[in-house]
């Protein structure tokens, strides 16, 4: 059985010169930045802007845990794809998984996961407003 | 006539691996980050925290212009000094200059300038609260 | 007389969450990173990859001067365009100008310039290999 | 039984404005940058420079896995301590753990781990040169 195509969202990017280090490859913390771009595009593809969640609903999504496994370095100017999925969605908790593929989707360069809670602007946990539930289920 | 020693403030840092690029030197945008560390340390040495300006006085200091001349690259783990001065201070305007020296102060690696206006949280120009004037004069 | 359309190259991006700061806008050093993306896309649109210049011709293009004027802040997730032009091209020197526009090209958010020299891997000045001249003229 | 004081190395830093995001706290990928500063200072305190490992011994230490748990946000200009330990050291493998404390060491803000292999400049695994073993044991 194949995966339903709508369970992931792909974001395409290129490695910036700023993101390389003197080892000649993309520096490891940038993958977490790319994961965040993946999350943003995931939300957009699901029909809402994460920025609206913050601005209109005073709901934030801080990261409580992140991890990444680095399988094959990415070089400057290489196009790549961040494939983002929701792994777990509960009223107060959200987990995403990510795969970083080469542009042709043949090579897996890295994979990772982030865990989040929903909070108010004061940083205290809250539930995701009901109107957003349908986007993440 | 020598410069009065209190006209500048020095901040010491080391080049982080994250700040290098595949050319093997510190990537050029990082100098602007270091300038900002220089500004922060300038304020602290003058007796106030820039964070207090933002938090307690709702006064922000966005950059309206920045420039940097790159004279000699900085390598990973090299210690360096950012020497910060106030060039111009007016009620609604502030300009800093920066020199980036080697740790022994013998070599000038870069020099630059940033220009700022004071604004409220809405981004509109305002005057610097009187109580801060003495710190910058 | 209108500008010939081929004198500039546009690169579209969105402001990443990582690029915002606590003032709620894109942090000022990121514009230099975006300028670099503009340069990379300029080269690609002209028919060559900057990475080939480095890898196959051992020619590098370090920045010797950069400046940026910040006119209107860019917010998280906002799409924008970096419009890149070659201002000056000589055998050993290259200058680019940049304009950062809103996605609809109606608002100018920032403008800047970078100056570069061509060097070998040892950092010493050299001339751009002849075969690349036609791309930049 | 208390831990031998030499089993960890502390690196003190402050949160840079560049490292904050529009949530008003340090952006999550920066912790991985701070871990790297922790590794660099760990090596220095043990008697060798990581840069020498790269330059003189053509030995690199790419990250193969990283994770971080975020317990309490860090704010702009807050001083903090990255406490770094070697968790596992084998001829071809190295794992570090990190704790990010408040300046007074009272509050744990984050904790994480990175796993590394030793490679040559070609990216192929190799053993750490013997002369460095004593530094990490």
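Order of writing sets the chain letters: A, B, C and D. Residues in each chain are counted from 1.
Quick note on the criterion: a residue touches a chain if its C-beta (ideal position, glycine included) is under 8 Å from a C-beta of that chain, and two chains touch if they have at least 3 such contacts.
Bear in mind the structure is a predicted one, so any value in this text is a computation, not a measurement.
The greatest centre-to-centre distance from subunit D, using averaged C-alpha positions, is reached by C. For the touching copies subunit A and subunit D, the fraction of interface residue numbers used by both exceeds half; the interface is of the same-residue type. If you average the Cα atoms of subunit A and of subunit C, the two centres end up 27 Å apart. Per-chain Cα centroids separate subunit B from subunit C by 24 Å.
Shared interface positions of subunit B, defined as residues touching 2 or more other chains, are 17-18, 22-23, 25, 29, 33, 36, 76.
Interface residues of subunit B, counted against subunit D in their complex, comprise 14, 16-18, 33, 36-37, 40, 49-51, 75-77.
Residues of subunit D that touch subunit C in their complex: 17-18, 20-25, 27, 29, 76. For subunit A in complex with subunit D, the touching residues are 22-23, 25, 28-30, 32-33, 36, 54, 60, 62-70, 73, 123.
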